[in-house]
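See below for the structure under consideration.
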């Protein structure tokens, strides 16, 4: 049976998190590297931006589905956080109110959360920055939210254009947010490692003045494609 | 195992379509009614707009995942269309080029497709309109696309913010596009029918001048909520 | 005392509507003419668009302040509508859900409302179009709303960037929506009339091939401003 | 010498228009066809939309460079219009005010203009529609403009992302606006004709049920690219 | 009489500023706190952003209404600034040109202004940052403005969606900009103080690991709303 | 002959760069000053933003025209860079993928490039920031690009709304990006110098409390324009 639409009012307590060692290994890499290593899938829409520069987070997703203008379920999800988790919050409609501020951040940090990724707005940006709690969001707004309608916790959600299941790995930095399915975490981490090693070598060559044209042996294919040099 | 990220290069030929009778019944209702009947889930982002007014479509989804600026897989998906299907096209990145025009529409119509829902751009709007082939898209652009990179057909995709599996029912009209999971089609159609009947009665009362305040018995709860009338 | 921020939970029953004869006279003119006649003030943001082409409305405002995702107060405002009114709905935050559909439209029409102007979304566009009930909105969405939080009726609100008081005149057409303060309605209508008469004469001259350059005697000032003709 | 930035205060009276026969031939084709025939260059940004459906125009450009909120030069350009011209208006900054309405349209039509393409806003949409004067614009706004600052007429301008020189051919329809350099008009028209003929044949095959996969012989290249069919 | 539309060409010299002690007290709090304390009204649209991180300002409004692309009135308003004021600039149309730069900032600072809040663009961001003069704006652009059309100073204006009267208190930080009516300043400051005290206690509990679910006693209402825990 | 549309597949090796001394002089000034000195032309759209605060670059343009989602030509342009150049990348359609990251930046820096200006997206923002290689872009995205379609190098391109020819001077800072035609570089640099000197004097007067109203002798013209002071 297809279960692609959201079930409301459910909190799933037992979820299978991506392997801890794999996530630990993933945490050595940036979003661009992980995204490439995974075959260029799982990247959230580029409107998801960190609230302060140089933010980085890597962890396992606990998911929450919210209603517009209502952050009630963020209190519910807090109890499901385990150390190393990243809360990934999806919303049933476009909304940029400030769902999350320093009080909830205090609670999330006390639970061991590494970050919040939310397809909506946040507030208390100054405080969150000094607390060092990173958030990737769609926007910033001081507009608070109510606590009236229930959503769900730890169900599959679509966040910023990406389908994510509870327990999946999440990597976020200045370049955006990428989701790695739990079952792929190890092989993606390995591929990222291979890629990175490879990049170090390339970087040295390029820094020494070698052209990508030669390093990647592109001259012939460019010529075949019809590229002409003129003076 | 989690399979939330896309597998590239796969065409699934056998899919389980939502029950034909259920879809037929769904086709009596508009998007707003179906969305309510389903519990307010499954609605695509409101940027998805029909290319001409008064368009309507209801059918079963064949899905396709495209790369930005590349419509190669639309030719592949054409072969998988069965009468009554709606092609639902997702893209791996934001892109509004014109992926689809009157030639592909001719092919889709010859296969019995009822519509295209595409999280990108279309072109040949004038021709599509006179052909009566409805398209819901993110935009309109004469910019053509290349045929260089393979995607997939009939895998689960995220289209305009909604996760959809091949075979799911899709309803689209001037209000937007809603996805009904295949397994829910019958009960959602039934709920829509009940709701609609109910609405006819309400409509008559309201047309006769009765207030929603009385018909829905809201006066007491409004007063409790603190509403005050002043002169 | 300043009363510029909104008071919540108030329904003002007695409002002073713009003079009926003045509003009747205003109804002969389009938005661009009225906006010019009024000295280029009072125009709502251009994102306010009619849900169907060639829509036109002119009437007196009953105002309502809504919360995002909550249309409860639209039922409250229905009771305050008098024939010739236009409901002007402001929202306390950005939101494009479908606050209004054919049932509420039936109720509004039964009360004699001429239109809805709403700084949010609507749905049932197909039905509203066949009912001939014009709506100017920020967007279209099948996403319904809840009835949980009270707002206010007939207080001054900011709608799409314009401050409007209950009783003010409102003119809306394909070019947008303009607000005319109740006390100005007569003089703005007179100015619009004068302008229009004036425009008829100009139109005839221009149609006959006369240049605006000559008709408006611009050649000298253009030359003074430094305009040079070259071959 | 490079002359890529705009010279202000110049009206060039003598321009070389694209060959009339070539433009006449171009007028048989839509924007998508012309854009393809030209090698996929010269297309304006897709935010340029016609003010009414099914609008079409093909002609030679007279260009004008305006300042934000100032339409003075539209009166100047009117005098430079020759029958068959399309006025192409660029603006030195982002601005969506209503630069153009029914009076100017009357003047332009009297001069034989076929259309206006403006990287800003227009007004009097209802009147322009009944006059049958097509406009492609960035938006619609009743906000009028002043006449205070001079720009230029018939200089090269960048309009909606495309560089255009006076005399170039312009084709516009529901799919957007494309610019054809004057010197290319004939060969682009020929290429469009060839393409269109070709399309008729393809259309017939597709309508008869042939797949694009076979017609374009894509199966082998798809297989090489790694496409796999699964059940 | 309604005076909701703008009068042009007026400079009001005498305005009643919010009580100095109340504003001083307000300056201890952030925007989110003040917005909550005031009952969630008066918040400008979230597109208003500070030009550098960690900016903060609290003061009394002197208002100015500008025309698009014209900053003449910013020189007029400079003379009306008193120490502790914040200039709040509204525009009669959408426009993001750079209305304000380091010269005007020098003048404003010399007059004792604390900040500029402008529903348009600014420039000289690097210089403004090193001067420590905070600006909240809709955008950044090097495009200068002309000095041709008069607006008004110290009239009520709508800025970024909020109606503001001269003398009202304004608080701005990384979360946005909130307007507090002059007459409410003291009670809002008191409410903010109470709220903040309250928040300190909550923060301590949450930091110690207590759940919001328990602290706010939400478990019962969540259960009533239908929330179910599953494993 | 008009050559306004792009020729594909050409790499022009010999270009005439703006005079080195003139560019050196230009590098003393910010974008706003240069833009004013040049007569308010040549400014790119304000969506072009630096990837980190306080970035500054001034140099000569080598241009490249890319296809959406394809960065092949960035490797080709690398070979054409000379010390002091700024790479200016235009795209044939809207696209915000990450065309450029730390490897290409390493190559560009090794060649002596001062910056990249790209009408698309970049990635590796953290690395680019620590390398101190400034980029002005339309957005940030970890989404990589392919290498499949050839574009051109050192042809005239339209980048973010501005026509630019290879060899033109480019100045970029926190306020945006401005293009100075090569032939104008010296006179624009001189005008900027004059302007700046002038500004120093004004700044001192304004800091001392003099009003712009007096310094610019605006009082009389404001009065003539109808400005009234009221109490």
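For clarity, chains are labelled A, B, C, D, E and F in written order, and residue numbers in each chain start from 1.
As a working rule, a contact is a pair of C-beta atoms (placed from the backbone, for glycine too) under 8 Å apart; a residue touches a chain by one contact, two chains touch by 3 or more.
Just so you know, these numbers come straight off a predicted model, no measurement behind them.
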| item | value |
| --- | --- |
| Set of chains whose contacts include both chain E and chain D | C, F |
| A-E, B-F or D-E - pair sharing over half of the A-F contact pairs | A-E |
| Same or different contact residues where chain E meets its copy chain C, judged by the half mark | same |
| Turn needed to bring chain A onto chain E - CA fit, degrees, nearest 5 | 120 |
| Distance from chain F to chain D - Cα centre to Cα centre, in angstrom | 27 |
| Length of the line joining the C-alpha centres of chain C and chain F, rounded to whole Å | 41 |
| Interchain centroid distance [CA atoms averaged], chain B/chain D, Å | 32 |
| Junction residues of chain A - those touching two or more other chains | 40, 43, 46, 92-94, 96, 141, 143, 149 |
| Pairwise chain contacts under the document criterion | A-B, A-C, A-E, A-F, B-C, B-D, B-F, C-D, C-E, D-E, D-F, E-F |
| Partner chain F, residues of chain D touching it in the complex | 1-6, 8, 38-43, 45-46, 92-94, 156, 158, 161-165, 167-168, 179-184 |
| In the complex with chain C, residue positions of chain A that touch it | 67-70, 92-97, 141, 143, 146, 148-149 |
| Residue ranges of chain E in contact with chain F within the complex | 9-14, 52, 72, 75-76, 78-79, 96, 98, 101-104, 106-107, 109-111, 121, 123-127, 129, 139-144, 147, 149-150 |
| Interfacial residue positions of chain F with respect to chain E in the complex | 30-32, 35-36, 40, 43, 46, 49, 53-54, 56, 173-176, 178, 199, 202-203, 206-209, 211-213, 216, 218, 222, 225-231 |
